[in-house]
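Heads up, the thing below is written out as structure tokens.
Letters A, B, C and D name the chains as they come in the text, with residue numbers starting at 1 for each one.
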């Protein structure tokens, strides 16, 4: 039951994050196509963040399936992850409004990186609580996909000072890589 | 259980969408009737969108009743639907603030069309996952109502460039058509 | 199960309404007591609306305990109630920002009245679906409290054009009357 | 079941509070580091409030585990707690935007104090409903941690008129004290 409430709370927070991001796409005052045009980068950065939050919800959901007992450590590691996810609306709005300028594109990548680290800490907390040879530990394996993602976020942050568009493309590439559902956990759970 | 969390997450996102739309109806500074008057089109477009989001919630709820196992495809098709629904507050606010001007009324219809297509894709994903002769497939039948709606959205989008008010009336007519609960699924589930 | 999802969705919408109302209390730019002072009426109208939404959540919760099967009529009557509740943040903000001026205080009462009527329709839909001698029908009885409330809302709306403060006091009095939990349903359910 | 709905509603409200606070961190118009700098105090006050709301969610969750039957008193005491928590986004925004000025830092502490009192009232309502020798009563004991917190909030409010930064540090210290999960209830529940 304890786990259900953790899931319900996380689902609530993630559902709100994914939805209030759209509030950063301010309704323009004009009614013609010209007044809509400056919103294109805001829309693109919204699409990117929507994909990321969706991916986090999906993976979070799979990972928690392996949890039986929620420890204090898992609880705080989960809140820590939600904290970084809660910054998505801010960095999405900033990157969009400034048409993928250097600083905003770099900060966006930094928040992606912090969320990835927070996810990694949560994963570790769950594995520790499950003891050696845990279900999740087997499912995760060497976790190359996460390591590659984190590396690409760092590359994206650095690239922002040369070409913020390149950063955006790197972030989008990582998102696409994750859109393929993580079948590792599903496979291990089924066995 | 997996399905419960998908339902809970979708319910959360839809509940937030239907509620934050009201934030686009900005509180006027004056306190007389005159300052309230320009809000009438915003209110009307809010009522229309409230009906649409309510209809989607209702139909989504009925459709998911037939689902037993959530596949990766269903999961992403569901997020794709939520994405288009999440644009409702934006297009509702834009159409309302511009008193049903051409472009905003056209874009509103386009988002309605995209949401309808996303709903169709989700429906297909569920039918595919259930195999031939699925419950949902029987319930949906030839799906004339959805096809007619999509056609009317296209008509509404085109009509916006002649008379945006006409577009609004077409969208309202489609909504009224859907207010009658979809008894097809209920009937098949009961048998 | 169907009922659970209706409850969950309603809870979600009501939770969002009660929480986003606080966004109408705009953070002032100054940092002294003087800049806080004009927010007092906004705060008072927020407290009033918080009480009302809390009361609706509480009564809604008790009423739905008597429901076994959710019909299409109940579903739409419920959405209709949520629609009027969703206007609370708007009328709360308008009444507060204009320091309880005539029109805003009158509109606030009108929305209270519409929500009360919507609640009455939902109650009727549930009683109809339960057949004669229904549990809820017995619990509600002659429903004097609701009738008195509606009458007082009408008085409050009319009073707004003489003294908006009087309207506010009437609305507050009705809220206090409802703060005493409705033991009628609890009593009948227990028997 | 009644308790489940109370938990779900509270979770919903707390999830929304913790997430909409980020909306007070307005996206700056410039795209350089200079335009981000004034947001630092807003960010710090956001982090502080995120921790507090997380702590309240966690403790609320533990406390409700001991509840079997929800009385009217518990229900209203719970809504009273949610009311004070709902003011967090406002005081967080005000304190942040004014770079920890005296009045905002004092008001922040006052809301912390009121939330602590509301939590205490909710705790009392639960203990009263459980009768003497209740589970929660044993778990809470002399409740020194809560008493110390309340005292420190008062000190923080008074300190705001000498050094608002000191107030912020006191509030942060109390939060850190609570980050250690409250094992008292867990221990008693297990026995």
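Quick note on the criterion: a residue touches a chain if its C-beta (ideal position, glycine included) is under 8 Å from a C-beta of that chain, and two chains touch if they have at least 3 such contacts.
Because the structure is a prediction, the values reported are computed rather than measured.
Simply put, chain B must spin 90° to overlay its Cα atoms on chain C, rounded in steps of 5. When every chain is reduced to the mean of its CA atoms, the largest separation from chain B belongs to D.
Taken over every residue number at the interface, the positions common to chain A and chain D amount to under half, indicating a different-residue contact. Centroid to centroid, with C-alpha atoms defining each point, chain C and chain D lie 26 Å apart. Centre-to-centre separation of chain A and chain C, using mean CA positions: 37 Å. Touching two or more other chains at once are residues 8, 12, 16, 20, 23 of chain D.
If you draw each protein chain as a dot and join the dots that touch, you get one closed loop, with every dot joined to exactly two others. Chain D contributes residues 7-8, 11-12, 14-16, 18-20, 22-23, 25, 27-33, 36, 47, 50, 54, 57-58, 61, 65, 179, 181, 183 to its touches with chain A in the complex.
Of all the residues in chain D, the ones that touch chain C in their complex are 2, 5, 8-9, 12-13, 16-17, 20, 23-24, 72, 75-76, 79, 82-83, 86-87, 89-90, 93-94, 97-98, 101-104, 107.
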